[in-house]
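Below is one structure, written out as structure tokens; the observations come after it.
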Amino acid sequence: MENLVYIALFAPLVSSLFAALFAQKPKIQLVGIVTSILIGISLLASVTLLLDIHESGKAVSVTLMDWIQAGDMDIKFGFTVDQVTAVMMSVVTLVSTVVHVYSNYYMESDKSFNRFFSYLSAFVFSMMVLVMSDNFLGLFIGWEGVGVCSWLLIGFWYERKDETRDVNPSISPSWAANEAFIMNRIADLGMLVGIFMIYWNLGTVKYSEVFAHLDQLSHGMLVGIGIALFIGAMGKSAQFPLHTWLADAMEGPTPVSALIHAATMVTAGVYLVIRANPLYSQIPEVGYFIAVVGTFVAIFAASMALVNRDLKRVIAYSTLSQLGYMFAAAGLGAYWVALFHLAAHAFFKALLFIGAGNVMHAMHDELDMFKMGGLKKQMGWTFFYMGLASLALSGIYPLAGFFSKDTILEVAFNEHTYGIWFTLWLTAGLTAFYSFRQVFLVFFGDERYHEIGAHPHEAKAYALWAMAPLAILAVIFGFYKEDFVEFVTKLLPAYEMSEHTHHMVWILTLVTTAIALTGIIVAFIKYSKGLKRDLNFEQNNKLYKLLYNQYYIPVLYEKAFAKPYKELSDIAWQEIDMQVVDATVDGIAKAVETTGDVSRRAQNGNLSTYLKWMAAGLIFVTLITVISVVIK
Amino acid sequence: MSNILSVLIFFPLIAGVFGFFVNKNSIRVYGIVVAAAEFLLSLWLWMSFDTTDAGMQFVEKISLIPEFGISYYLGVDGISLFIVILSTLMTLLGIVALSIKEDLKNMIITLLFLEVAMIGVFVSLDVILFYIFWEFSLVPMLYIIGAWGGPKKLYAAIKFFIYTFAGSLVMLVGILYLAYIYHATTGVWSFSLTDWYGLLLPTDVQTILFWAFFLGFAIKVPMFPFHTWLPYAHGQAPTVGSVILAAVLLKMGSYGFVRFSLPLFPDASVAFILPIAILAIIMIIYTAMVAYAQKDMKQVIAYSSISHMGVIILGTFAMNVEGISGSIFQMLSHGIVSGALFMLVGVIYDRRHTKLMSEFGGLAKVMPTYATIFVVMTMASVGLPLTIGFIGEYLSLAGFFKVSPIMTILAGTSIIVGAVYMLSVVKKSFFGPLANPENEKLKDLDSKELWALVPLVAIVIWLGVYPKPVLEPIDNSTKALVQLMHKKAQTDKAKKIILVSKDAKEAK
Amino acid sequence: METVAFYLFSILITGLFLVTAFSRNILYAMSALAAGMVLISGLFFIMGADFLGAVQLVVYSGAVMALYAFGMMFFDATRDVKEKNSPAGIVFLLSGISAVILVAIFAAPKIGENIKALVTGTKGADNPHVIGEVLFTKYLVPFEVAAVMLLVAMIAGIVLASKKMDESLSEIYIDADPETVAKEEQK
Amino acid sequence: MTIGLTHYLVLSAILFAVGLAGVLRRKNLLMLFFATEIMLNAANIAFAAISTHIGDLSGQMFALFIIAIAASEVAVGLGLLILIYKKYGTLDLDNLSIMKG
Amino acid sequence: MAPINFDLSSLNLVTMSPMLVTLVGALVILCIDLIKPNLDKTLYVTLAMLTLFIAIGANLSLSTNQRGLFDTILIDGVSLLGQLLILAGSMLFIPLALTKRKFHDFSYPEFFSLFLFMVFGFQFMAASDNLILIFVGLETGSLALYTLIAMHNTRLAHEAAIKYFTMGAMAAGFFAMGAAAIYAVTGSVEIFSIAAVMQERQNEIGMLIPVIGGALFMIVAIGFKVSLIPFHMWTPDTYEGASAPMAGYMSIVPKVAMMVVAIRLFGVYMELDIKVVKMAIIVLAVVTTTAANMMALVQEDVKRMLAYSSISHAGFVMVAIALDTTKGYSSIFLYYGLFLFTNLGAFAMLWISRHKYNIHHDRFHHPYSKFAGMIKIAPIPAVIMAVFMLSLAGVPPFSLFWGKMYVLSAIVDSGHYTVAIIMALNSAIAVYYYLKLIVYMFLKSPADNQGKVVYANRAFSLELVIGIAAFVTITSVFYINPLMSFITDLVGASGY
């Protein structure tokens, strides 16, 4: 068993190092193949572990070696594969495998093909460390590791130059990469603080020991730890107000978006909350706060997706919105529900992104949906996949999204948090609308792509085949809900609906489905026949502009943080460091020298002056004695 | 070989003198061979070092001036061992990477003399001996900056010299006062540190002495607001000068805090945690901002050094094993990482004769290996886990969290602001289009540079993943140190804050 | 009698020395100095320090003044000297304060009453015989050293005033261009 | 009113001040040397008076040696003056100010 | 007239033997010149060396704490140390006469004779506690010294001699008046009996005022000789005008002699704990060190800079007098012992580069720019000069560091922390101007026509002296202990 753990963990690392060997060489197809196979091996190992744990019900723990030992701190590289981990591992490796295979197609003409695979596999490794670690600091390794890989991958096309926000809202890949990294770092500080609190209060950072001794801590301390860890989660999962990086992260190659910014990395925050469920279940008020934040992000992000024209950004906002759902569930104590939605979302959202990748290829990297349309003809399969994924996203029976999202709404209802329920319900409608707005704009209507001279074509067969597993899972995953619940609740607290909710389930489901359908229908009416732009509306409607400009938050951040920081830095350097601190030092030196220069004037070469000074010296010495007598 | 420390000190000295007789054309090889031999000797020191022993090892004591209690007293423990190795390593790599053509012979001989002073500082257990090496280290550095530096080299060199000299003179007065107290208490003169450790000082005396020593160390570290010599020194120094300055010389200050201030004045150290932590936090945040404002790549690294040293100081004043071990480890890590970064800046400076980031952009395309190593070092610098940079920073901050959570959070912003300026360097220099036509023909790293940099990359990752061989001896000695401090502490506050680790408590 | 003599002498000495210090004419100044010296020897006689008075008369008023007179002739300084004297204020201030300090030192303890012979020194201040005895016992060494000092002064005077000093071996001032100088140096 | 020691000492102080004033004021070196003689003579008076007063010979001896010293100084001083007179043709000390600063 | 009888052995003539040796040496040189003129100066140099050598021998053979010649001569540890330093400094100086080029002063046989007379005078200053003998000795030495300076026979040397002489004459007046004031209340001119009287009557205010006033006048006279500010004004000019070795010599030997006098005289005050005098000395010393350092900063000529630097060193050492501890007094001798070699070495380096033409500057012979890029032209001299500079700056492990450390330690031991810190920080100012020379030598490019200029006056004896000085400066750590215990024993034995 332990070997499987190591295989699952290190196969991606080997894969990454292998690819790194050729990082500076021109494309070698073998690299793509080998890495895909190695990730596939990791997938096999993960699934085997999953099944094994399913059978045995026992977690597998291994300790690789010592890491940090200082004072009373003893941190080892330890890995535990339990139910939650196994699910996460399987999801991660599955999506990773698909994305690796797909990337062979997507990146086929990129000159940094090998480098890309190196980064991508490194990401998988980091993600595996993140989910498999048995302690908070190990999690933090993965946490930062995925951050770096994300930075590398967002900035993959580093050579592109900076644009203004009007031309490219993300400015440039390298800019977006830095933004992502720094925003994550802000949150990581919170996480680090949480870890410090845990260490100094419990003397360990190992999950099992920490959770076993939580009762030793005061409530206030628990709240503190809970909030600190959640701040960490907010960064990685791009929750408000640290959300802006996610949309900008779409500058990375599309497979990256599929893997990192949809299926895996961004869900790390949710994973953390789920993992720390013994903690959060003791502090429901923090949980409620998390739920509220999640709910807010859900509708907030969905609203931005309504009007955006950028194919990938829409999906990014949708991801954000779905992450909100997950947090809502986790916050309300329904950890398995959150995990279930996490997995389901990973499948259909990755599918959606990969589909978007196909479209981009066809459109020569054009992302503006207003310049597409009618692609259904040329790209039947892609249309099929994306449509399927959109349906899943909208929560239409019998697709995976239906089960997961519906359960979240039920939980919200069950907790009597009707506000949350209502908001999420409304968001479901919005979700359906923007998903299908996208589908219709891209695949239906008039063929606007001629204007940009694109010659759309379907993706290669193996790429399409690679998408199949995701599509299949997006369809069938929902039916495994019962098994899933049974499996994970061995570890996570079982969440039981109250009697009342049980009675209401049917009504709730109907209501939810209804609003989803409404969304789809509205989208159909508005966009299936082609694009009719109301320029006046686009230019003058305040709400439209607000949404289109992402509530002006990026601009606000630019103005409120980035620019002042830059200016303050300049002041710190030019005004304070140079003019005050250094000038003081130089001033002292200067003063000494000036004093010397002045006093040498007494030495004017004239003997008479010298004699006078000597006589004055007598008086000076007398004065000193007199003064010292007087003072005494 | 029980006198290995003497060998370590005198081998480069003699080799440096012999260097005068080596032909100019062969001096480079000579330098590399000598530095490599010295490095191997230091590795041998490590190999024969008993990692379980927390006390001083390889002790040598020869009375020099018995009249005044001054002796030639050497010893090494876990705290100093690795800084010694760092010194020899950085000297070796510095010589390997030397790109200077002019007066190469003088440079290599100077470096060897500098090595003597550096090792001497870290293995001296006699305070006067320590002071001698401490002061003497300024001279070769002055020459290195002044002779091979940039346009403002003289200003920079003299500023460096006088500033640090002034600080250490106040420290000298402190040393003499402490010796006087020792004499007054015991009736004999002694300058051995181990003797002084046994001295219980009244708190008001501790306070005076603490600040006297503080000034010497703080200028060397350099702590805000005594830091302004550093940007000049780095900005003007040749690559090898910056490398050694950042990697080793700055560590003298922080080493001094650990070796002197903490065990000699535990109560005063505890009493002044607050002001020093405030200074450290200012160092961290403020200098990070200043670094962000820089236009010169080397200046960024220079200011980043100050920022990182802030974390080290904070860890030192955490008064618990975690923090102090962390800060010592961070000294090593900063030594390696900033040394490597300075070398990297030197690489591009050799090619383009400018360090202004506005001249660059898109370098990753023409110099991929260079960019890769730079990014690795950047990541180590910003404290990415599994690189060497994380462990020290984490432990230092974790240690200080026990003292003050709020201040630790403020100090913890170093991981954010650090990322801001480092990533902006990477972005400005390596990313974006290759706008400047002068950059199009740049050559990637040559073998000489690779030989210098690859070992550092290896160390960065090795110690990031498996720090135990280094951290364990450090930790052992730190435990002993903290225990000593706890034993010596007189005020209740100090007793409370100085935190002896559990296993040390049990052992007692 | 003593009182009258003292005041007379004091006033005269002070006046003469003031002339020495402030006269524009060297001759006057020197004459006043010589006269003052003579009068001081008079004071010594009043005090009963006869030997000292005699020495003062011989050495000072005789030898020293003769030397000065000789020097004066050499310098051809019989005419009025034009001096750009320093501002009198500072001079008077400094010397005035010095005088005050001295007076304070000497007058403060009412020395007249306080000073006693505390040490059994050599008695007989008025006896040249005793002085001779003391000079060749107790002060033998200073006396010999003083002899050496006078020898030194003699040699110094000879050396400094000799013709050999007219041309310097230590320094050659030339305004030639640096290259010639460098060549010169290289020889 | 008898003339006590104090009278002599005050006279000595005054003469010292006169000599000092001369030293400080004079620019002609020869006349400046005159003034230094006044200062030494002032000391002589003090020594002689004290010596007489306490009946101790050391004071007189001191005065004696001061006279000897004064004589030697004159010799050396005149030698120097001759030297510079030959070089500069004047004894004004204002001319002797090449070295300064 | 009754004959005066005394036992010759009671005179204890041996106490005078070192002085007699120098006196004889001086007279022999004088006589040789009279008998056979135009002998080569090497003869006189060697004769002078031999004389000094024998004098040192005579000195070392003396046992401490004896008086001789009617108690006028006092041989105690301090006087032995003082004489040793005077003789050693003189021995180091004399070989510097043998230069490659011919200079005016050394061409006189009288020079060497006068030189030995001067040493003779200074020896008496160190070996007596009789104010009369001190005064006579002082004047003997000083008058000879003025002459020696003038004999260099340059414009500047004449000016230097005149300035030194005139101020010296005034200082002599102050010395006399100070002695008179002290004599007035104590009735003695011998320091040991002065001390006894003061001890007896120390509570009488009428006693204290003249005693303190006398001390003030003495401070002026002593301050003039050891060049404390503001009595220092002659120092830079005289050093600049005198020949380089003479300047180096002046920065040590006369000062040592005067320091011994100061120790004897002010030691009485310190012993009785008269705080005002202590205060006056400390303030003067601090002012001296600080102001001299600041003025040295702005000099353009190395010799002048070294002049100011020796003023500041004198101030630094002067503090030790006010401490009244054995360690303090010992550290004075240690400091001057080390300073002797380093500073004379530095001046000798200037001497080696002295040439007769005013090619660098119409006034300065040793402007900084002359040494630019010296490391390229003459690496070993440059390194040696740098060693001297670093030693003067107090950078370990060179010799003066130990001196500085001992003085500072003595200051700290007696509780004057502020003074210690001011003095320590002063070293930081001082290091700037020493570094300036190093910067010129090592970090600047040589001027075009530099050529062999830095070697202009090179000769074996000069190299030997510099070699010895450099050796002593560098290897200090090995002999500090015996030296220090030697000094401490002697000083302690003298009751200080």
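Chains: A, B, C, D and E, in written order; residue numbering restarts at 1 for each.
Basically, a residue touches a chain if its C-beta (ideal position, glycine included) is under 8 Å from a C-beta of that chain, and two chains touch if they have at least 3 such contacts.
These numbers were taken from a predicted model, which means no experiment stands behind them.
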item	value
Shortest contact path, chain B to chain D, counted in steps	2
Steps needed, at minimum, to go from chain A to chain D via contacts	1
Among all chain pairs, the one with the most C-beta contacts	C-D
Most centrally placed chain - per-chain CA mean versus overall CA mean	B
Where chain D and chain E are represented by their mean Cα positions, the distance between them in whole Å	26
Whole-Å gap separating chain B and chain E, where each centre is the average of the chain's CA atoms	43
Separation of chain C from chain E, taking each centre as the mean of its C-alpha atoms, in whole Å	26
Rounded Å distance between chain A and chain B, as computed from the means of their C-alpha atoms	36
Chain B residues counted as touching two or more neighbouring chains	162
Where chain A touches two or more other chains at once, by residue number	589, 600, 603, 605, 607-608, 611-612, 615-616, 618, 622
Multi-partner residues of chain C (at least 2 other chains)	86, 90-91, 94-95, 98, 101-102, 106, 110-111, 115-117, 119, 121, 138-139, 142, 146, 149, 152-153, 156, 158-160, 165
Pairwise chain contacts under the document criterion	A-B, A-C, A-D, A-E, B-E, C-D, C-E, D-E
Interfacial residue positions of chain C with respect to chain D in the complex	2-3, 6, 10, 13-14, 17-18, 20-22, 26, 29-30, 33, 36-37, 40, 43-44, 47-49, 51-52, 55-56, 59-60, 63-64, 67-68, 70-72, 74-75, 77, 81, 83-86, 88, 90-92, 94-96, 98-99, 102-103, 106-107, 110-112, 115-117, 119, 121-126, 130-131, 134-135, 138-139, 142, 146, 149-150, 152-154, 156-161, 165-166
In the complex with chain A, residue positions of chain C that touch it	86, 90-91, 94-95, 97-98, 101
In the complex, chain A residues that touch chain C	608, 612, 615-616, 618-619, 622
Chain E residues touching chain D - in the complex, by the definition given at the top	131-132, 135-136, 139, 143, 146-147, 150, 155-156, 158-163, 165-166, 169-170, 172-173, 176-177, 179-181, 183-184, 187-190, 236-237, 240-241, 298-299, 304, 363
Residue numbers on chain B that touch chain A, as the complex places them	159, 162-163, 224-225, 227-229, 286, 289-290, 292-294, 320-322, 325-326, 329, 362, 364-365, 368-369, 372, 379, 382, 384-386, 390-391, 394-395, 397-399, 401-402, 405, 408-409, 412-413, 415-416, 419-420, 423-424, 427, 430-435, 465-468, 471-472, 474-475, 478-479, 499, 501-503
